[in-house]
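What follows is a set of structures to go through.
Both of the next two complexes hold subunit A, though its partner changes from subunit B to subunit C.
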Partner chain A sequence: MQFRLEKRREPSRLMSYATPFAAVLLTMVLGAVVFSLIGYNGIGAVREIFLTPLTNPYKWQDLGIKAAPLIIIGTGLSIAYRANVWNIGAEGQYVMGGLAGTGIALLTYGMTGWWVLPLMVLAGILGGMAYAAIPAFLRTKLNVNEILTSLMLTYASVQLIYYLIRAPWKDPMGMGFPQTRLFSEAARLPTIIPGTIVHLGVPIAIIVGLIAWFIMTRSVFGYRMRVVGAAPHAARYGGFSENKTIWLAMLVSGGLAGLAGVLEVAGPFQRMVPGFPTNYGFTAIIVAFLGRLNPLGVILAGIVLAITFVGGEVAQTTIGLPNAATGIFQAMMLFFLLAGDILIKYRLRRVSPQPSVGAA
Partner chain B sequence: MELTLAIIITVVGASTPILIAALGELVVERSGVLNLGVEGMMLIGAIAGFVVQFHTGNPYLALLCGAAAGMAASLIFGFLTLSLSANQTATGLALTIFGTGFSALAGSSYSARPVSLMQPLFPSDLSAHPIARVIFGYSFPVYFSFIMVVAIWYFLHKTRAGLILRAVGENDQSAHSIGYSVIGVRYMAVMFGGAMAGIAGACFPLLLTPQWAERMTAGRGWIAVALVVFASWKPFRLLGGAYLFGLVMTMELYAKAGSGPLSAVPSELWAALPYIATVAVLVLISLRRDASTNAPACLGKPFLPAN
Partner chain C sequence: MPNRLELTGITKQFPGVLANDHVSFAVKPGEIHALLGENGAGKSTLVKMIYGIMQPDAGEIRWNDEPVMVANPKAARKLGIGMVFQHFSLFEALTVLENIALGMDAKIPSRELESRIRGVMETYGLALDPHRTVATLSVGERQRIEIVRALLLNPQLLIMDEPTSVLTPQEVDQLFTVLRKLAAEGCSILYISHKLHEIKALCDTATILRAGKLVDTCDPRQETSRSMAEKMIGTGLKDIVKAAGRTFGPPKLVVNRLSTGKTGHFDVPVDNVSFTVRAGEILGIAGVAGNGQNALLDALSGELIGDDSEAITIDGLGIGLLNTTERRRQGLCAVPEERNGHAAVGDFTLSDNSVLTARDRLGMVMMGLINSGAAKTYTGRVIADFAVKALGPASTAGSLSGGNLQKYIMGRETLQKPSVLVVSQPTWGVDAGAAAAIHQALVDLSMAGSAIVVISQDLDELRALCDTLAVINMGRLSEARPVKEFNVEEIGLLMGGVHGATEGTDAIPA
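Now for the complex of A and B:
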C-alpha cells in the first residue's frame, strides 16, 4: 500500500480548522511516549499538564490570568502575520509597555483618582507602539528585515529594565533589591471576582479578541491585512500601499503587546521586577499560529497555552517534572501544527500499485 | 602590551562561536533556505557538548556530539520545511523554542557543575612568548573556524558541488529541470548548518564559561543570522563581521570588570550593545546599493516542482 500527495483544487477549510486540534492531541499522545522514553512519568506529565488545570477548579483563576496576556499579544501578532509582517519582538514591546506604565505609576505615586490607571494603560499601549515603530520605520524606509530588528530590540529592552530598577527607579526601601516600590492603590489593576486573583485584564483580553475578530472580518482594515498577506500583487493593484500596511501591522501588534505589558505590571506584579519578562511575547507566537491567525482561534489557543503553563507548574510540584518540559510540549504543538499545514493544500491519496504493462 | 594581548585573546574567544554558526547559516541560505532556528540548534549543541565533556572529559568528542545534536535538530526543520513545505519562518522560530526547552530540560540536573575548558591545540612551548600566544595559544575550534571560512569560500566558488548549491538557491526551478535534486541539496545544506550551529553551541561550555546555564547562548544565534545579511552572503565578510561583534562583546566584559573609562557607562548599556550594534549594522548594510541584490533569489521560498 502506498500513499501519494495530491494537490487540492482549493485549500481545505476543514483541514485548516481540524489540524490545530489534531496537533494538540498528537502532542499529548507523542509527548507521553517521548517523556516515558527519556525516563519521566510520561502519562502523568500529560495528565498534569493538559488535564489537571481544567479539572481542578482552584486552577481556573490561574488559567484566566495566564491566558489574558497571551490572547492580547496573540491577537496583535495574528493580525501582523496575516499581512506577512513578521513581528517577533512582541516580548520587547510587552516590556516597553510595562515600563511605560511603571513610569506613570511612579510619577503618580501616592496620588488617588480614577484617571491614574487609564493613563497607565494609555502609556503602555503607546510604549509598545513606539518600540514597534522602530522596526516598522527601518523596514519601510530602509528595507531592513523586521524579524531581526524586532528580536534584537527585545534583548535590549530587558537590559533597560535591569538598568531602571537598579538605578533611577529603585525602591528606596527595598533593602537593596533591584525592583521598584509597590504601586499605590490607584495604580493597581482591580480584581473583578472577589476572593480570587482574576483581574480586569481577563475580560479586556476577551473583548480585545472579539473586537479584533469583528474588525478583521467586517472592515476595510481587516480586508486590507488579509489581501496584502495573501496576494501582495493584487493588493498593490487594488491601491493598498505596502508600507502603510506594514506600519499598521507593527503598530497594532506592538500596541497590543504594550497593553498586555501594562496590564501585567499593574495586575499580577504591581511593581517592576527583574522577572517581569516571562516569555509571553514569544509564547504568543505559538498562540497566533495555533489559533490559525484568526482572533477567535487565538482566544481558544491562548487558553490552551495557558493550560500548559499552569499544568507545567502543577507537574513540577506533583510529579517533579522540570519546568522546561512545558516549553517542549509547546514547541511540539507548533511542530505538529506546521507539519499538518500540508494537509490544507494537499490530500493524502492511497495508490494501489499498478501492475506494469510488460510484466507477465 | 599585556592588556592588548589579553583583549585580542578574549575577542577571538567571543567571535569564534558566532563565526562558526554564521558560516553554517551562510551555506544554508545560499541553498535558498532560511533557518531561523540557529539559536535553538546552538543551545542543543551546547547542552550535548556540555554533557559529553562532563562525563568523558574529552572535548573533541564533546564537539562531535554537539555537531551531531545540532544536525539532528536541523533534521526536524528540514523535514518540516523541505519534505512538507511548511513555512520556514515559523518552523525556524519553533525550532528555537524547542531548543530552548529541550536544553533546559536536559540540563536541569547539571546546574552549577563545572567542566574543564578545552586546552590549547599547540604545545605550550610554542606559545611561551606573548606574541606567539596570540597565534598559537588557542584551542581547536578557533583554527577550525578560520579553516572553514576558506573552505566554504572555496567550496562555493571553486567546486562543482558549490556551483550546484548556489544554482539551487538562485533558481530552483532551473536546477530541478536540468536534473538536480533541489530538496536533496537543501537537506545537505540544512544538515551542515545544523552541525555548525551545534559546534558553535558546544563552544560555549568548552571555550567561554565552563558550566551549563539555561539560554547560555544569549541570542548569539540570532546575531549570527543577522551577520549573514551583513556579510552579503560572503564568507570573508562574515569573518570581519564576527570579529567586530567579538570586539563589542569583549568591551562589555571589560566594562563589567569595573575599571577604566569603560565602566563610566552603565553596564546594562554594554550588555545591550551587541544587539543595538546588530540593528545598526543592518541599517548600514541596507544603505549600500547592492545590499539586497546579493540575497539568494529563492531565499525562504518553499520549492514545489512546476510540473
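Now for the complex of A and C:
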C-alpha cells in the first residue's frame, strides 16, 4: 500500500480548522510517549499539563492572566505575519512597553487620579511601537531583514531593564534588590473579580482579539495585510505600497506587544523586576500560528498555550517534570501544526502499487 | 511502417473533472502532428502522460508498436521522447553549455558535450554560442537551447508546447525549417498550438480535443482556420464587430518622453517613449517578449512612478506622479500580463479580487470598511457578462483555468468603464472562443469612447483588433501608424530592432 500527496483544487477549509486540533492531540500523544521513554509518568505528565488546568477551578484565574498577554501579542503578530512581515521581536517590544509604562508610573509616583493608568497604557503602546519602528525603518530604507533586527533588539531591551533597575530606577527602599519601587495605587491595574488575581487585562485581551478580527475581515487595512502577504506583486498593482504595509504591520504588532507589556507590569508585577521578560513574546509566535493567523483563532490558541504554562508548573510540583518540559510541549505543537499544514493544499491518496517501467 | 506513438482509450480523471475521456490517436514516423484544443480541453494532461509526468487511469500507450508504461520523464527520454516546454527552465546567470549540462540525465564531459552541441547546431542550423550567458539571449535563442537539449538525445518524438508564442515572424520561420528537417529525418513531432494558420503551414495531421474528448482528426491543409476553430469550440465563431469608418475623438492618453529606471537585473526599461491615443482608438504595441513591455505597463498603470507629472496625461491632466489608486480614480485601468499573482490573487475569492482594483471606482469602501455585498454583486455581473466558468463569486481565482481567469480579469476592468485601458497580452493562452469575446469587449469599450492600449506579442491579434500600431524594441517605441499601412515583414523587422528612417523616438540628448 502506497500513499501519495495530490494537490487539491481548492485549499481545504476543513483541514485549516482541523490541523490545529490535530496538532494539539498529536502533541499529547507523542509527549506521553517521549516522557514515558525517559522514565517519567508520561500519561500523568500529559494529564497534568493539559487537563489539570482545565479541571481545577483554582487554576482558571492563572489561565486567564497567562492567556491575556499571549492573546494580545499573538493578535498583533497574526496581523503582521499575514502581510509576510516577520516580527520576531515581540518580546523586546513587550519589554519596551513595560518599561515605558514603568517610566510613567515612577514619574507619577504618589499621585492619584484616573488618568495615570490610561497614560501608562498609552506610553506602553507607543514604547512598543517605537521599538518596532527600528526594524521597520531598517527594512524599508536599507532592506535589512526584519527577522534579524527585531530578534536582536530583544536582547538589547533586556539589558536596558537591567540597567534601569540597577541604577536610575532602583527602589530606594529596596535593600539593594535590583527592582523598582512598588507602583502607587493609581498605577496598578484593578482586578475585575474580587478575591482573585484576574485583572482588567483579561477582558482587554478578548476585546483586542474581537476588534482585530473585525478589522482583518472587513476593512481595507485588513485587506491590505492579506493581499500583501498572499501576492505582493498583486498588492502593488492594487495600489498598496509595500513599505507602507511594512510600517503598518510593525507598528500594529509592536504597539500590541507594548500594550501587553504595560498591562503585565501594571497588573501581576506592579513593579519592574529582572524577571519581567517571561518569553510571552516568543510563545505568542506559536499562538499566532496555532490560531491560523486569525484573531479569533488566536484567542483560542492563547488559552491553549496558557494551559501548557499553567500545567507545566503543576507538573513540576506533582511529578517533578523539569521546567523545560513546557517548552518541549509547545515546540512539538508548532512542529505538528506546520507539518499538518501540507494537508490544507494537498490530500493524501492511497495508490495501488504500479508495475515498473516497461521500457520497450 | 508501425506507428511511432499510438494512444488507445486514454482516460484521466482529476477530482471533479474528466481531463481526458477515451482519447485515441496515432502519430506516424516523420509526421508533424498538431494537437489542438481550447484551454482546459486536456492537451497538456495528454502530453504530460506521454512524457511520463502523470499516468493515465485507463488506456494504452504504444511506442513503436510495443505497449509501454512511461513512469517518469527520465523513462520517456530513455524511450526517445523529447519535450520543449512553453516555459523554459533555464538559469539566467549560467551559460548555454552549463544549462544544457545541468539538464542531461547522463554525465558527459564538458568538452565532449560541447562538440556534440555544436554538431546538433550545425546539422539543424541553430546558431547559438555555447558560452554566452542565458541572460543576454533573446527568447528565440533561449528556445533554441531547449530544442538543442532535446535533440541531443536523438529523439524519435519531439513534443513542442506552444513554441511560437514568444517568437518574431522571422524566428517562427527558422523554427519551422528546423522542425521540417527533423521530420524529414523520421523524427515525429507533436505540436501544440493555438495559432491555426501555423498549423496549416506546418502540420500533416491535426487532432482536435474538446472538453477532454477527441473531436476530430483531420488534415489541416484541407481545413480553414475558421473550420478548425469551430471544431475546437464546438460552435460557430463570432467575428469582431467593428463599425466601419469610425472617427476618433480628441487625444485622450498622451505619453510624452516616458522613461523608467532599471528595476531588476534582467529587466528592460522603457526609454523615451511617446505616443498618443485618441478617444475611441485602439493602439497596438507589438514586440518580442522582454523588450520593455512589462516596464511600459507598470509605468502606465502607476506601479512604477516616474518624476515627470506631464510624461503621462489623460485629457490634458498630468498623472505621471500619481499612484495606481489615484490613476484609477482618473479613469486609467490596466491589466498586466501575469494573471496569477499580479492581476489576481490566486488564494483569494473572485469577490475579493474585485476589491483589488474596483474598490474605489465602484464605491466598495465606506469609511475604511469593505462593502462585501457590493463586491459580490459586481463579481457576479463580471461572471455573467463574460461567461466566466466559475462556481460563483466565492470561488478562488486559483481554481479557475488560465483562460477563465483572464476573462474574469478583463471583465473586472472593462465593466468599470475606464476612460483609458492598458492591457498586456489580453488573450495569451486563451482559447479562440474566449479570445473573440475579449476582443469584442475591447472594441465595444473603444466605441463607447475609451482610449485603449493593447500590448501583445500576437501579431494576428493586433492586426485584427487595433486601429494604430507601434513596435517596441529594447524599450524604445517606433512611430505609431495606422495598422493597415504595415505589412508583416515590416513589423517583423521593427520587432527585431531594425528601425526605419521615420523612427520617431530618437531623442535629442537632454
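The rule we apply is simple: the second predicted complex is superposed on the first by the 353 of 360 C-alpha atoms of A that agree within 3 Å, B and C clash if a C-alpha of one lies under 4 Å from a C-alpha of the other, contacts with A are read in each partner's own complex, and residues count from 1 in each chain.
Here is the rule we go by: a residue touches a chain if its C-beta (ideal position, glycine included) is under 8 Å from a C-beta of that chain, and two chains touch if they have at least 3 such contacts.
On a predicted model such as this, the values are computed, not experimentally measured, just so you know.
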item	value
Partner touching more residues of subunit A, whether subunit B or subunit C	B
Which superposed partner A:Leu37 touches (first subunit B, second subunit C, both, neither)	neither
Partner chain(s) touched by A:Leu160 [first = subunit B, second = subunit C, both, neither]	first
Subunit B versus subunit C as contact partner of A:Arg8, first or second or both or neither	second
Touched partner set for A:Met175, first subunit B, second subunit C, both or neither	neither
Partner chain in contact with A:Phe221 - subunit B first, subunit C second, else both or neither	second
First (subunit B), second (subunit C), both or neither touched by A:Ile285	first
Interfacial residue positions of subunit A with respect to subunit C in the complex	8-11, 218-221, 223, 226-227, 230-231, 233-234, 236-239, 241, 354-360
Interfacial residue positions of subunit C with respect to subunit A in the complex	14-16, 55, 63-64, 66-72, 75, 78-79, 301-303, 323-325, 328, 334, 336, 338, 341-348, 352, 355-357, 359, 365, 368-370, 372, 395-396, 398-399
Complex contact set, residues of subunit B against subunit A	36, 76, 79-80, 84-87, 89-91, 93-95, 97-98, 100-102, 104-105, 108, 214, 218-219, 222-223, 225-226, 229, 266, 268-269, 271-272, 275-276, 278-279, 282-283, 286-287, 291-292
Subunit A residues touching subunit B - in the complex, by the definition given at the top	86, 88, 134, 138, 142-145, 147-149, 151-153, 155-156, 159-160, 162-163, 166-167, 282, 285-286, 289, 322-328, 330-332, 334-335, 338-339, 341-342
